[in-house]
Amino acid sequence: VTEDGKPIVKIGYLPTTHAAPLYFMESETDYDIELVRFSSWIDLMDALNAGRIDGASVLIELAMKAKEKGIDIQAVALGHEDGNVVTVAPHIESVDDLIGESIAIPNRYSTHHVYVHQMLEQAGYSIDDVNLVEMAPAEMPSSLSENRVAAYVVAEPFGSIGVSLGVGKVLFQSQDIWPNSIDCALVMRTDFLQRDEEVSKHFVSNYAKAGLLAEHKDEHALTQINSFLKIKDDVLAQSLQWISYEDLTIREEAFDILREAMVDLQLSTNPPTYEDFVNNSYINEVQ
Amino acid sequence: MKNKWISAFIGFAAVIIIWQLVIIIGDYPEALLPGPAAVFAKWWSLVVNGTLFEHISISLYRFTLGYVSAALLAIILGLFLGRLPKVWAIIDPVVQVIRPVSPIAWSPFIVLWFGIGNMPAIVIIFIAAFFPVLLATVAAVNRIEPTYLKVAANFELSQKDLMWKIILPAAFPAIGSGLHMAIGSAWIFLVAGEMIGAQSGLGYLIVDARNALDLDTVLAAIVTIGVIGLALDHLLRFVEAGVKRMWTGKMM
Amino acid sequence: MKNKWISAFIGFAAVIIIWQLVIIIGDYPEALLPGPAAVFAKWWSLVVNGTLFEHISISLYRFTLGYVSAALLAIILGLFLGRLPKVWAIIDPVVQVIRPVSPIAWSPFIVLWFGIGNMPAIVIIFIAAFFPVLLATVAAVNRIEPTYLKVAANFELSQKDLMWKIILPAAFPAIGSGLHMAIGSAWIFLVAGEMIGAQSGLGYLIVDARNALDLDTVLAAIVTIGVIGLALDHLLRFVEAGVKRMWTGKMM
Amino acid sequence: MTQSIIDVQALHKTYPSSNKAVLENVSLTIKRGEIVAFLGKSGCGKTTLLNMIGGFEPASSGDILLDGERVTKPSQKSIMLMQSYGLLPWRTVYHNVLFALENSTLSKAEKHTRVLKGLALVGLSDRLNAMPSELSGGMQQRVAIARALAIEPEIILMDEPFAALDTFTRYFLQDEITKINKEQHMTILLVTHDIDEAIYLADRVIILAPNPGRIYKEVTIQLPRERDRASRDFQHYRELIFNEFHLSHEPPAIEYNI
Amino acid sequence: MTQSIIDVQALHKTYPSSNKAVLENVSLTIKRGEIVAFLGKSGCGKTTLLNMIGGFEPASSGDILLDGERVTKPSQKSIMLMQSYGLLPWRTVYHNVLFALENSTLSKAEKHTRVLKGLALVGLSDRLNAMPSELSGGMQQRVAIARALAIEPEIILMDEPFAALDTFTRYFLQDEITKINKEQHMTILLVTHDIDEAIYLADRVIILAPNPGRIYKEVTIQLPRERDRASRDFQHYRELIFNEFHLSHEPPAIEYNI
């Protein structure tokens, strides 16, 4: 992907709070960056798999699944730390109230699925005690408002939007269920990373720095993020309170918990291992 | 008849050969473009473990409900609106503006009103089928040979007889082609309909398999959808022929 | 003519009143079902800041490319295939199976071959338009009055003259209704087409606004799509009338 | 039998879509049981006149009385045999004829007998289950005749009823029509292009002149029934009407000058 | 002028879709410049015979020679005037006639003159820019006649060419046809339902019998041209042909028994 010799790095994303570090990235002297916005994870993964984009901030489970299927990609950094909430209907007071109800998640291959699983197990139930429904995040607040589902777990800012619309409230934050969880990650195609090691390094380190900019959560950060999300400022501020972009390293312990959960949830029989899939070399260089 | 089957066989054989050639020449990763053999193997495994039939039956259930209710409502409304040009002049522009909007664009409102699961799929299929049938019916009623209306007036038919003995049979061939058009486009929207919170059906199967980058399954489902779509069209032809026989009076 | 406008006005006024009533009676949160005033305000702001026209023009660009190329290719292919019933017998079953499959189901393969951005939108519109026009053209050629072919044979027309002076004009009215059907369904798939990595266009605007739960914009875009769809259909009617005039020879 | 059944008084007709008068000042009295033939150039308004008598088309001015009552809409009293037959293509031959009787008070068996009788008359007893599209033009015309006769109307309005028939069938049906007319005192109004047919069938031949359509001449045919087409008197009427017909057109008809 | 232009030898025809013979053992010789009329009941195979002579329909067995050459496909030498006119509805009247000349070697001006002459002949000079759908049936038939004449073929095959015309126009065109036949030695084959028309026009009338279609009788009309329809001799032929025609049908035609 070059033009006048200067590489263009194409990164796919969905307009969520979780992809915030990307919003602070700018073109440099040795590469240009092009952010490609998608409207659903599935379309984004199609583009990544087909090599039409070089990388993406994506649900890590979808990327692991693609890796398992033989797509040569690797995770080089987290998208964010924490920052997911379980949004429930006003009458839900505890996990017990959710039993037998429908719970919406954005995708089967998502950490949100794992959160639901863990939340239920921690309360002594199993995932089969609720009715899981996959749906587009944008439709979750109205589903909750019309009592089609009793709760939803999804990438921000949709939890925050639900709360601000008054259709739901926060039952848990993700760190209450699974501290230091892994959710979205910056996943890059290996062929891109290997094409020019210097650019790759530079790019990932800029990504980490951008995370720190987002972490400020100040006026400037809010404006910058909202130029991508276009939601109300107070909703975004709420959303940012739940999230951190400080350390975007993918930890092995968390990754192993995730692998195990994926097997438990029958999302995968043989998920890629930490060694195969995670490449911390770039982000380590920054720290 | 036999020739027809041979031709169809040649056609499908050619498609499979071209497909295999594309894979060999294009050198695509198996994960991104599975070959015919892999797709057939997957299809067979879905048949054997029964999941395919489950998905097919739930999809057909949703489709039948959505399509049949749309067709009946559209035909009945259309027969009356076709006879009331002043009312139609008011409704027509609204319909013309609503029709070209994709059911995908409506989905936030469909969720709001109809929730998730079966209903959105049924509603989307309903929408996709309703407008073509309505427009075809109104047009058909408007284009009825004036001669038939003249004959009806000459023999002093009642309003009810006029509707049942003249207008419906006279308009039926044109309504029929509307029904065919609608069965095609409604079936196309099955996939879109089953993306909204459904946890089963052929559309869900495709979306779910796409998530898992399981393109064997996607293609197996595509082929299944195509074949069923074709079968539905033929089924409709039978129904049409049956309806037409109703008023020929060929029973003496 | 004036009556037509008055009727349309009554129709749209009724829709707006019902819409407002639904909001008042249903007591839906404004964010989930915006009222006509809010939608109009949003629409106006999109007009004023010029974004709406940007989206419209890129959508029309993609649509025109996809639709016109599909229509031309389908008509030319259809004219020949209609005259070659043996070849058509081979291709027809394949077409019948491919046609009912949603472009959404194809999208992994569309991305693989055509990438993201403009091309997938153009390709999806192409697919949505191609099959109806092809089928309509083949059917039209097959249904040409044998009398015309007899006349052509009697006056010993060459193959080229036969195609241009007899087959094309005779089949054109039926091809025209295929073109109308196709313009509707292709425009419906604009939204699906602009979901695949496009960064602009009315479809993108809808999906993106939906993701931001900005339903004012979604409805403003829906109305815009509907109105443009209607306008395209009327434009096509002009083109058809123009083409028909070509071979009347009314210029003496 | 001699009382008037149809009374056309100072009829004018202009179609709303054009401002040219199609019919002008047509007055006409027809007695019960009479057969009246209308002759005139194509486009002179014959179909329009029949349509107005049948109640299918409103008059622009003037009156049409049927049995003393003003005609405002079609009725079963006067059945129209249309130029385009008007069969229902989705019904069999049998059910097309039955259609005429469906809202009558006859018993089922009576209806059946009448339908069969009507179809036998026109020679189609063996095609009861055929669809109209499977018949030749002439056969379709005969089904339409059977349907009109089945209801035994007081008046039949016929618009070129035998145009698609071969000579032999035409002659046969012409004889049947005169028979029915005599037996049932049915009044028959008949539009035709065929001078011989008019002379053979009609008690009175009315020649219309075109632009605008008006009555040009009436010729009463004073021949006994069972007329002989080769007879001297027949020849005489043929010549008379041909000449009148010729004269009814504006002489030097420009369009025929090469 | 007396050499034979069409030679039909032992022609049989069965349509593939049915196993009933439509034509059986038809043999026929037609001389250049002759006018031959075919009479026969509806469905007896008249159109089929004309179609085969025109090359539109293959024979099941037997031969058709045109100028000594076997007919295998249609050609410009023999133009067919079809029962359904065969006008191109998307062209104006002018361009429908011009169609016949489009691949001839005439200059543009010559073509124009010929088209205008042909349309003048049939009295349609003032409707050059009309579309066929804007014309009455009779006018359409006249355009088709003009188109066939424009190309000046050796043979014209006419399938009930005057059926939709009123008496007066029909008489006029019958006269024109005999004139053209005399001037250009055009050979004319004519199917008609009208015995008078056959007698007025033809040098020879061929009566076909149905089921299967075969030649039943030939009647040579030995009347001088400018025939008088009211003359004694004309009457004689009329009676003769009517009787033959009657006999050509299997007597007691069952379908006419009520």
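The chains carry the letters A, B, C, D and E, assigned in the order they are written, with residues numbered from 1 in each.
Here is the rule we use: a contact is a pair of C-beta atoms (placed from the backbone, for glycine too) under 8 Å apart; a residue touches a chain by one contact, two chains touch by 3 or more.
Computed from a prediction, not measured in an experiment: that's the story for all the values here.
Undergrad: Identify the chains in contact with chain B as well as chain C, in label order.
TA: Chains touching both chain B and chain C: A.
Undergrad: Chain by chain, through touching neighbours only, how many steps does the shortest route from chain C to chain E take?
TA: 1
Undergrad: Based only on mean CA positions, could you tell me how far chain B sits from chain E in angstrom?
TA: 51
Undergrad: Please compute the C-alpha centroid of chain A, do the same for chain B, then give the distance between them in whole Å.
TA: 38
Undergrad: At least two partner chains per residue is the criterion; list those residues in chain A.
TA: Chain A, residues with two or more chain partners: 46, 49-50, 136, 138, 142, 145.
Undergrad: Where does chain E touch two or more other chains at once, residue-wise?
TA: In chain E, nothing touches at least two other chains.
Undergrad: What parts of chain C, by residue number, touch at least two of the other chains?
TA: Residues 32, 108, 112, 195, 207, 210.
Undergrad: Taking the top-of-page definition of touch, could you list the pairs of chains it picks out?
TA: So, checking each combination of chains, I get A-B, A-C, B-C, B-D, C-E, D-E as the touching pairs.
Undergrad: Help me check something: in the complex, which residues belonging to chain D touch chain B?
TA: 54-56, 73-76, 79-80, 82, 84, 86, 88, 90-92, 94-95, 98-100, 102-103, 128-129, 131, 151
Undergrad: Over in the complex, which chain C residues touch chain A? Could you list them?
TA: That would be residues 29, 31-32, 107-108, 111-112, 115-116, 195-197, 199, 204, 207-208, 210-214 of chain C.
Undergrad: Can you list the residues on chain D that touch chain E in the complex?
TA: Those residues of chain D that touch chain E are 39-43, 117, 120-121, 123-126, 136-138, 163-170, 172, 193-196, 229-230, 235, 238-239, 242, 245-246, 249, 253, 255-258.
Undergrad: Within their complex, state which residues of chain C touch chain B.
TA: Chain C reaches chain B through residues 3-4, 7-8, 10-12, 14-15, 28, 32-33, 86, 89-94, 96-106, 108-109, 112, 181, 184-185, 187-192, 195, 203, 206-207, 210, 215, 218, 221-223, 225-230, 232-233.
Undergrad: Tell me, which parts of chain B touch chain D in their complex?
TA: 147-148, 150-151, 153-158, 161, 165-166, 169-170, 172, 244, 247-250, 252
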